[in-house]
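Across the two complexes that follow, chain A remains constant while its partner is chain B and subsequently chain C.
And then the complex of A and B:
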């Protein structure tokens, strides 16, 4: 067996000054041509590990221990000049957001040349020019002069990320760190970028670390997977073993939180939040949230133990847990029967514009009471514009819009108080949809003050009841949004919508800013609320895997038109439209990835 | 760990600090803010409590004109033979009162115009901002002189004019800071709920721009103090025989070589006051920049 290209031993990164560890005891190895997926939820320290492979940390952090060996040489001991020579040449990095990683003022040619020149790649200008074209062809981009003369803003998101890949692979590095490079991309683009990464790594024998929060993506790409939780690697093993017979409770829960295309099981989130640096108690960090926890778990942090061939686990009960096999899971609950007697909201022949550009063309859509309709499409398909037209936030449209058969005015302010109350909109990002200067109680009571005539005590009681409804502790009332986690904030946003006692909820990508385990919990909550409160739901998402568990009907949008509509089972089982077929094929899915490997 | 998701989960010690309190605490940690606050306290203290310690009536004659320091007149006497120390102790009230009132007027008007402008955008925004530009184009001292020479040296007029010249700068800062807030989803959410516009501006947007506004307020106060002192120096502010720092400089400038205290004391006081307010402003702006970087905490 050849020695690994990259070896990390006992890496520790601390918060500067305080000495609290951000990550500690990180050890793994990656061989030539191998892709290691580093998976974890936000705040787990996965990006910190990725950057440490380049000998770099974010401001306020410092590498204080361990070794990062590239082909046997420890890079952490290198001088600043040595590190500069290493970065981009031997170890390269592909950042998350290609749009902000490329210099908007420089042409693509200049930026690519810069990488090659910095590292004195090739003997002559001609050799470098040849390499530049070769690189672009490798990442499946045009290599003509016309393309090289472009500026980053003239490229699509996928093309920008390919340029990023080309720059990373330019000097034939030995190790490449990819930090969530496909997060902002559409599924179709993502599928292409992922296959490019895979091909390049195996063709050139590059050791790749693929940092991601998306387990489905990692399952399709990685050979091995390391799972991080609260700054530690809790499990590290071959991809197939890890996703099928995980031995760490956290990994098992994480896998269960991934939405399945088949939608057989209910999505289950993980209660609680991960401890942050400086707040980590003795014992296993996952113990407070773990259903398998025993007394031994709270005494000391378990070491990373070998559980099988190339499979390491940090859990005192890993042997018992891996023997459990596939765990029993709650089946997906029945969807409520829609009420077909009336139509809750109907859209007919809707055209919408942003300025001079038309974004929606002849949209027909209806939602029945107690029905969940999913609106699926990629970014730019117009799905959010449609949702905003319905919610009264986008006024520039023509066409019919009706609530219970009565026409709805274009802007929210032109609608009656009752229409505004019945139709509530939940925003994508709970980080911007809550006013940072208001307490949770003030936020949730906002619709109460506008729609109901309540005294102080009644308002308080309603707020408490609504918070309990979304499973938030009423003690959160006096907190400010920044004191809550992303999932908790989204619950507050849902509570604000519920406080108005709506009949239709418009959910615009409400889980796309959240971690998978949190996403699962939020979807579960929304589904339950829909059942209990008999709500109609318009669920906007780009994630096809999500709709099966929650929606009854689906409308697929592409370039401002609804291209396919029907029952969710029918559309997923036998898509009719070419676009829907392509979308289904490109959606990364755990089940498909595992089935393909079997 | 702030686990409020599970209803039964025990709560960690909550840190319930209003963001504005966080800003003030951060600003206070900076030495420049402490120096600024100290200077401010010193001079406001002098202006407010000083008169109780004045040895003479500020308008009464105590000695010969330009009398040397000593005896019952520790800082000597002014051009008319009045006690410099007493006049100095009495002379801070008007300048502080007038400049605070002027800044307050400027802030209220400027914030209102800036908020409406940022929220409405379109034509109204353009019209309001161009009007602000026109006012900005006139040097404020010239504007004040024109107003005073037309209506006469009335104190309310000075306050109003200085307030009006403060307004466009505050409006611009408010508009700039709010433009980004207006786009945020929580404003859209309030919009979808149909929150009344005034409540939306004051309840949703205004609390989010308090940091830049506090910085701007202290900066505007600095300018207002300077402007009002200049106006009284030119004789358009408080009228003789009232004691006023700006007026004192004017009255005693000819005796500068013989008896400098009548000019020096008010000059030092005005300088320290403006340095104090601008140091506070600087401390606040540094602290708020830090807050913006780390996103709230």
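And then the complex of A and C:
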């Protein structure tokens, strides 16, 4: 076996000044042409590890121990000038959000050229210009002067990320760190970028670290996977072993939280939250949330032990757990039978505009009581505009809109109080949809004050009951949104909608800002609420796998039109429209990746 | 739809809207001229409402009715207000601002011409020093955030911002001109007909006072905007590309950090045009500030009007220049105009 290109040994990064560990005891190796997927939820320290490979930390953090060896040489001991010579040349970085990582004031040519120039790539200006064009062609971008003269904002998201890739591969690096490079992209764009990454890494024998929270993406790309939890690698092994027969309980729970298109699995979240730096007690960090925990787990942090060929686990019971084999996934509970006697909301021939531009064309859609209709499509397809028209947040449209057969005014202000109460909207980001100056009790009681005539005591009781419904402890009532985690905030947003006792919930990408395990818990909650409260749901999402679990009907949108409608099983099993087929083919799936490799 | 609105709708279709960067500049300049026109009405109206009669103020209490009548005729004071205004406005376009009402009755242009030169030189030097200085101070403070340099500049600049400029000016005089040291002349005696650049020593103290008045604001906004830029993903990316720190700062950070500061720079330079009055007074510097104070004191209406318009024009010009400069350093704004 050839020596690995990259070897990390016992890496430790601390909070500057306090000495609390952000990540510790990080060890792994990547060979030439190999892709290691580094997965974990937000706050697990995966980006910190990625940046440490370039000898870099974010503000407030410091690398205090371990080695990062690139082709046998420890880079952590390098001088600032030595690190500069390394970055972008031997080890390069592809950022998470290309829109903000490209300088808005500089042309694409300048930003590409400067990497080559600063590392004196090639002998001449002409050689560098040739290399630049070669790179742009490799990442499937135009290489003419017109393109090079553009500014970042004149490119699409996918093009921006390709520029990022071209920049990273320009100097023929040995190691490349990809930090969630496809997070903000549509599935189709994501699929193209991923295949470019795979081709470039194998063609040039680059050792790649692919940091991601999306296990399905990692499954389609990585040879090996390392799972991080609370600043430690808890499991590291070949991709197939890890996703089929994980030996760490956390990995197994993560896999169980992933929605799959092939069948209706129950999505199970993981109760509790991961301990942050400075709050990590003795013992296994996952023990408080672990269903397999025994007393030994709370005494000391287990070491990373070998469990199989190239498979390492940090768990005292790993032998028993890996023997469990492929985890059985519980089927999801039956969806409620829709009430076909009436139509909850119906949309006929709806055209909508933003200014002079028409965004929706002749939309027909209906939601029955107790039915969940999923609205899927890529960004810009018009799905959010449609949801906003229905909710009364977008007024610039023509067409019929009816609630229980009675016409519904355009714009929430023109609607009756009862109509407004019946339609409630949950926004995408719980980080910006809750007023930071109000307590949770104030937020949840707002609709109560608007729609019901309640005295102080009744309001309080309703708030408590509503919070319990969304499985939040009523002790959260006096707290402010910033004191809660992302998942808890989204529960508050759901509670606020439920407090109005709606008949239709419009959910606009409500889990896209959340981790998979949190997403699973939220979806589970929404499905349960729908069953128990007989709600109609309009579930807007770009995640096709998610609708398999929660929705009964699906409408696929493309460029402002509904291109396909039908029962979820039928559409996913035998899509009719070319666009739906392409969308399905581009959606990364762990099962397909495993099946293809088997 | 009202007929007026309908008319606008039609006009929008017929009159081609100038596009691109130059279209934008043209629109801004036209708007600036419109602003100046409105200012001219306000200035004229304000001087009309000053108590007393200009002719009597000039000739004194013992003037004969005949001489008063002659002067009123000469100043067009007998005509209706609108025609007086139009006469004055027409004069501006011909470069004739009327005659000063003080002693010699020279044309206003020749009275304030030399003063404009003096003040212009003073402002220009103050701007040329304070703008780069404050940008550099702000950028360095941001780069060494929470360091000794940052804390020191922050305290000093806050103190300077808190002191009114006549206080700093007097302190400067006491410190460098009279009591402690005697390096510099405490009053700026530039003889009539002399050019300020021939008297560099006389300029030092007023320039320092003006620089002190303007620098704190620009430096603070620059620091804030540079901190944001230095924390941005693209600056981190530039470092991770292995660029030298100097390239990161000069090429990646500074152009993006300056954009929000441009408006503040323009407002502060415009403020210089007005604030100069106080500083010139303290140093007895023969510029428009002192001319303004004197003209108001003497009810020299033509001079007051001329200087009022001049200062307003400086404000308008600087704001238009700031808008254009912001557009030029922000490609996103620039390309959205196309």
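Assorted remarks:
The criterion applied here is as follows: the second predicted complex is superposed on the first by the 596 of 598 C-alpha atoms of A that agree within 3 Å, B and C clash if a C-alpha of one lies under 4 Å from a C-alpha of the other, contacts with A are read in each partner's own complex, and residues count from 1 in each chain.
Definition applied: a residue touches a chain if its C-beta (ideal position, glycine included) is under 8 Å from a C-beta of that chain, and two chains touch if they have at least 3 such contacts.
Source: prediction; values computed, not measured.
Partners chain B and chain C fit side by side in the overlay (superposition on chain A).
Once the two complexes are laid over each other on the shared chain, residue contacts for A:93 go to chain C alone; chain B is not touched. In the superposition on chain A, A:291 makes contact with neither chain B nor chain C.
Legend: residue contacts after superposition of the two complexes on their common chain; A:106 is shown touching chain C, with no touch to chain B. Counting residues of chain A touched by each partner, chain B versus chain C, the larger count belongs to B.
Once chain A of one complex is fitted onto chain A of the other, the partner contacts of A:483 are limited to chain B, with no touch recorded for chain C.
Using the contact criterion defined above for the overlaid structures, shared-chain residue A:195 touches neither chain B nor chain C, since it reaches no partner.
Computed from Cα centres after superposition, the angle at chain A between chain B and chain C reads 30 degrees (steps of 10). Residue contacts after overlaying the shared chain place A:574 against neither chain B nor chain C. With both structures placed on the common chain, the touch criterion links A:475 to chain B but leaves chain C unconnected. When both complexes are overlaid on chain A, the residue A:115 reaches chain C alone and has no touch with chain B. In the superposed model, A:272 lies in contact with chain B only, and not with chain C.
Minimum Cα separation between chain B and chain C in the superposed model: 6 Å. Within chain A, no residue touches chain B in one complex and chain C in the other. Chain A makes touch with chain B in their complex at residues 271-273, 275-276, 279, 391-393, 412-413, 415, 417, 420, 424-425, 427-429, 432-438, 446-447, 450, 468, 471-473, 475-476, 478-480, 482-485, 487-488, 491, 493, 496, 500, 521. For chain B in complex with chain A, the residues that touch the partner chain are 1-7, 9, 11-12, 14-16, 18-19, 184-186, 188-195, 204, 207-208, 210, 295-297. Note for the complex: chain C touches chain A at residues 231-234, 236-244, 247, 251-252, 255-256, 329-332, 335.
Here chain A touches chain C in the complex through residues 51, 54, 56, 58-59, 83-89, 92-93, 95-97, 100-107, 110, 114-115, 118-119, 151, 153-154, 167, going by the rule given at the top.
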